[in-house]
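After this come two complexes, each holding chain A, first together with chain B and then together with chain C.
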Partner chain A sequence: MIRLEKRAQPSKLWTLATPFVAVVLTMIVGGIMFAMLGSDPFEAIRIIFWDPLFSEQFAAYSRPQLLVKAGPLILIAIGISMGFKAGIWNIGAEGQYIIGAICGAGMGLAFYPAESFIIFPLMILAGALGGWAWAMIPAVLKVRFGTNEILVSLMLVYVAEAFLASVSSGLLKNPDGMGFPGSRNLQQYPAAANLEIFQGSGMHWGVLTAFLAVIFAYVLLSRHMLGFQIRLTGEAPRAAKFAGVNPARIVFLCLGMAGALAGMAGMFEVAGPAGQITIDFNSGYGFTAIIVAFLGRLHPVGILLAGLLMALTYIGGELASLMLGIPGAAIQLFQGMLLFFLLATDVFINFRIRLSKTEAV
Partner chain B sequence: MKRRTLLASAAALTLAFGGAAFAEDKTKVGFVFVGPVGDGGWTYEHNKGRLAVEAHFGDKVETVFQESVPEGADSERVMTQMALSGADLIFTTSFGYMDPTINVAAKFPDVKFEHATGYKQADNVSVYSARFYEGRAIQGHIAGKMTKTNKIGYIASFPIPEVIRGINSAYIHAKKVNPDVEFSIIWAYTWFDPAKEADAAQALIEQGADVILQHTDSTAPQAAAEAAGNVVTFGQASDMAEFGPFPRVSSIIDDWAPYYIDRVQAVMDGTWTSTSTWDGIGAGMVAIGEISDAVPADVKAEALAMQDALADGSYHAFTGPINKQDGTVWLAEGETADDGTLAGMSFYVEGLTGEIPN
Partner chain C sequence: MDLSSINPILLIASLMVSATPILLAALGELVVEKSGVLNLGVEGMMITGAICGFAIGVNTGSPVLGFMFAAICGALLSLAFGILTQYLLSNQVATGLGLTLVGLGLSSLIGKPYEGIKSPTLQKMEIPILSDLPIVGRMLFSHDPMVYFSIALVAVVWAVLKYTRAGLILRAVGESHDAAHALGYKVVRIRIMAILFGGACAGLAGAYISLVRVPQWTEGMTAGAGWIALAIVVFASWKPWRILIGAYLFGGVTVLQLNLQAAGAKVPVEVLSMSPYLITILVLVIISARGNHGAPAALGKIFHASR
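The block that comes next holds the complex of A and B.
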């Protein structure tokens, strides 16, 4: 008889080990799946995890792309992880990302075709404010009326998508676009373009911001009173109240920070890799970031690594699909397994397996 | 295939091309798909075109594809990786891939690109699309004759000229045979989302529509119509024959195979040049799926006659008199629409209600 026994203390070892165990399990089960699909599992795993980094043919291009893909994931995940730590579940980062992109691009396009060094910083500000404002809706509703921020923030994603569709075929539509929806391409507007800081490195301003956010979050959570209050609110809400933490303030702070970071991520994306506001500009970063946040244990450094790993599975997955003809759905399944195994192995943090001969009562 | 060295100018990275060695003499053709190859509609037909290329050229060609590629930054990466993997010709099969295609093409001057349904060309980027609106005219005719409630539902995807053209063409021809006909249009904002499409179909059926036209790619509306029992549908992009003879009474089929084979041949012969292709029923790029027996014989005969007239050019789907929605004259008696106006069509014709969302 196998049974689970609660540990007296969460296991430190397992807390660190489960992400790695999850990756290994994903490789094994995913490999079996690839084999069943008729591809060589070892080759598939090699292409996914190794080739984007070290293949002669692709790595020079895909290594910088890792940063491009991981940047927004990390930036958003850092923001929402603060809320998750405090027990505030902002599931709607995707919406805040969209609104940030719209505000940022809108700010830039408002100046078109003027050239000034001030335009790009203003766009960053507009993006951050846009995302912040969008996140304030669930925050205010939660504080004022006690609504559930999970539902409100999630529903606002769909509102944001409708808004995105509206501006890309209306307000921000490219006047030279022959009636087709989509804004001007910001990549072709030097003052507003989010360019690489070092040529060919993939390191654009958004990636740099993501790295700064990691450091900022680390300092905040481990060295600052506010970080302590956030953690306390999540771990022991009543104790936090007795300690004089104002829960409304934590709600505003956590949602606001998440919104601002997601908004900035959207702005950097639209001004850089994506280039333009289009009807389906958003490609799920806000949702994937939730996986990244948990995969990274809600720890800033963990999130940094998890973001890079997630980006690796995306780019490697694309390569595997290209080189071996693995169906797109199988790649998604592979990524899904990663979260599944992480959550499944997480149980060992708080429980241990006991083998006993007698039936447990 | 010749061994070549690529210089990605923006990144200033030079890659010695080792990958080409094992693909000796084969022309490598890549396809970027917006949906899954099993969508039963748009992507399914493009993939059929890909398979036709393989069947036609056999060992001389190698094809690769990537499905469900989001439009935007991700597609740019997918195309770049395809070019890096040694593709000689890449078909990008959705409107949203337009700017990414142009960007990637600039980095790989030796690779040829073909972008479907867009309007931006370059020295190594061709554009191609089909005159789906010709098929819509035939659909509209049948729909106008078949409706009993005089309400026709239309599941539209995105408010882009291609979709608006289809709505106008279908409406003009439905109205011609049935002056009482009304169109209800639902914008789904997706090319492929079975759940959303099913919801839209359900809403239209509840509003009393007994004919549903769709400009989305899944068979979900067909399934919804089948469940309702008395609702007529048409296959979109693909034949969707499994829903015939009723509710699916006919279909518009995109047949990309001849074009794809042509273009691959051109690359092999070294005669490929940047072109803009917009073919219809005449050239075989748009086909009309079999009109089932659920359609009365006389209606079927009229529809087939219109198909012939569209094919030989004796009839244009947009022939005046046609007014715009606001009542101003668009086409005078006997005048036909020019391609420029059609390509950028952003208005409804007179009689359609509601506004194009923006």
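The block that comes next holds the complex of A and C.
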């Protein structure tokens, strides 16, 4: 009879090891899936995890892409991980990302075709504020009425998507676009474009912001009173109340930060890699960031690494669909499986397996 | 705008059709939550049920087989959730989210070859005599069997929860798993069964969308219906008959906004298509403002029998 026995202390070793175990398990099961789809599993895994970084043929293109894709994922995941730590489940980052992008792009387009160094910072501000405001809706409702933030934040994703459809064929539509939906391309508007800081590195301003957010979150969580209060609220809500932590303040803080970061991520994406507001410029980063946050153990440095890994599966997935014809959905499934295996192996952090001869009653 | 083009008889008839998937999914989730488990993966199980049912429906030509297979697929997917949360003690919120992501990926992977095909759909079941009644006959008594099945299921769930020993045990497990465990009930086994029921219902709900309501397969076609089902469980304060009311109210909103779009209302299309989600939020706010009555006390808590 296999039995789980609670550890006196969470295992440090397993906390670090489970993400790697989960990745290996995902590779094995994913390999079986690729084999069932009719591709060589070893080749598929190599193309996804190795070739984007080290293949002579593709690495020159895909290495910069790694940062481009990881930037928004890390930025969003850092924000929502704070909430997850405090037991506040903001799963509507996708909506905050969309609204941030719309506000940021709207700010930029309002100045078109003026040229000034102030436009880009204003756009960042607008993006952050837009995402923040969108996240404040579930925050206010939770604090004021006790409404479940999971459902509200998720419903707002669908609202944001409808709004995106509206502005991309209405308010923000390119007047010179010959009737096609979609805004002006911000890449072709120098004052508003989110350009690479170092040519050919993929390092645009959003990636830099993501790195800064990692440092900021690390300091906040490990060195600042607020970070302590966030962790306390998640681990022992009653103790937090007795210690004088204001739960409403934590809700506003966590959702607000997540919204602002997701909004900025959206703005950087739309002014950079995506270039314009279109009906489907958002590529589900807000949802993938949930996987990134968990895979990174809700720890800023972990999220940094997890974001890079997840970006790798995006790029490798594109490469695999190009080379082997593996459908894009298989990669989406692959990412979902990763989260599943991670959650499954997490049990070893707090429990150890015991084999007992007598049946436990 | 021409309001007279909206036919109230057809409106109510299509309301029942559009409410049925949400009703089925919410009913399944109600049983799961009554057992003290929060499964946020309804959307993922629904969309998987939608494509599995559709694929079998198209390949065998039998929608009934499609529905059965969809229920099995939904249950299988929920079993993964059950194993993770009940045996491996993972966080239910995170696992439910993971289930949704897996379901969305899985469904679009299976669904690629089925895009743009029409499926065989369920025959309308005209109830003798009643369906011949003027107005009411067309409105209420000439639907496909799944509509009646879903309503009957509400009654069954209500009766089982309220009047049977099994229902009492299920509720006991949901209120206090430690007490139920002390009384000798197999908490984990009972919860797994509830989770399987929820998965099967979500699968049926998904198949209803792809086999009857649309009837076609498009990627992401459930469009948040699973999440709305979760909201309706809260709206219903965990009571089966209120689930019926909630689902039909919501179905009414959906159908009405579609009708208004078709009738060329002066409200922008986007505002109309947002409206179901906005109304869900509004309803959640109103319900939660009154206080969270009726939630099972052990909802979302992890159970581990030490010794």
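Simple rule for what comes next: the second predicted complex is superposed on the first by the 361 of 361 C-alpha atoms of A that agree within 3 Å, B and C clash if a C-alpha of one lies under 4 Å from a C-alpha of the other, contacts with A are read in each partner's own complex, and residues count from 1 in each chain.
Going forward, a contact is a pair of C-beta atoms (placed from the backbone, for glycine too) under 8 Å apart; a residue touches a chain by one contact, two chains touch by 3 or more.
What you are looking at is a predicted structure, and each value in this text was computed from that prediction instead of being measured.
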| item | value |
| --- | --- |
| Clash-or-fit label for the pair chain B, chain C on chain A | clash |
| Touched partner set for A:110, first chain B, second chain C, both or neither | neither |
| Touched partner set for A:329, first chain B, second chain C, both or neither | both |
| Chain B versus chain C as contact partner of A:173, first or second or both or neither | first |
| First (chain B), second (chain C), both or neither touched by A:165 | both |
| First (chain B), second (chain C), both or neither touched by A:146 | second |
| Intersection of the chain A residues that touch chain B with those that touch chain C | 162, 165-166, 327, 329 |
| Touching residues (chain side chain C, partner chain A) in the complex | 40, 80, 83-84, 88-91, 93-95, 97-99, 101-106, 108-109, 111-112, 223-224, 227-228, 230-231, 234, 268, 270-271, 273-274, 277-278, 280-281, 284-285, 288-289, 291-292, 304-307 |
| Chain A residues within the chain B interface of the complex | 56-58, 60-62, 64-65, 68-69, 161-162, 165-166, 169-170, 173, 178-181, 185, 187, 199-200, 269, 273-276, 278-281, 283-284, 315, 318-319, 321-323, 325, 327-329 |
| Contact set on chain A toward chain C in their complex | 4, 6, 89, 91, 141, 145-148, 150-152, 154-159, 162-163, 165-166, 287, 290-291, 294, 327, 329-337, 339-340, 343-344, 346-347, 350-351, 360-361 |
| In the complex, chain B residues that touch chain A | 8, 10-13, 15-19, 30, 36-37, 64-74, 76-78, 80-82, 84-85, 95-96, 99, 103, 119, 158-161, 189, 343-346, 357-358 |
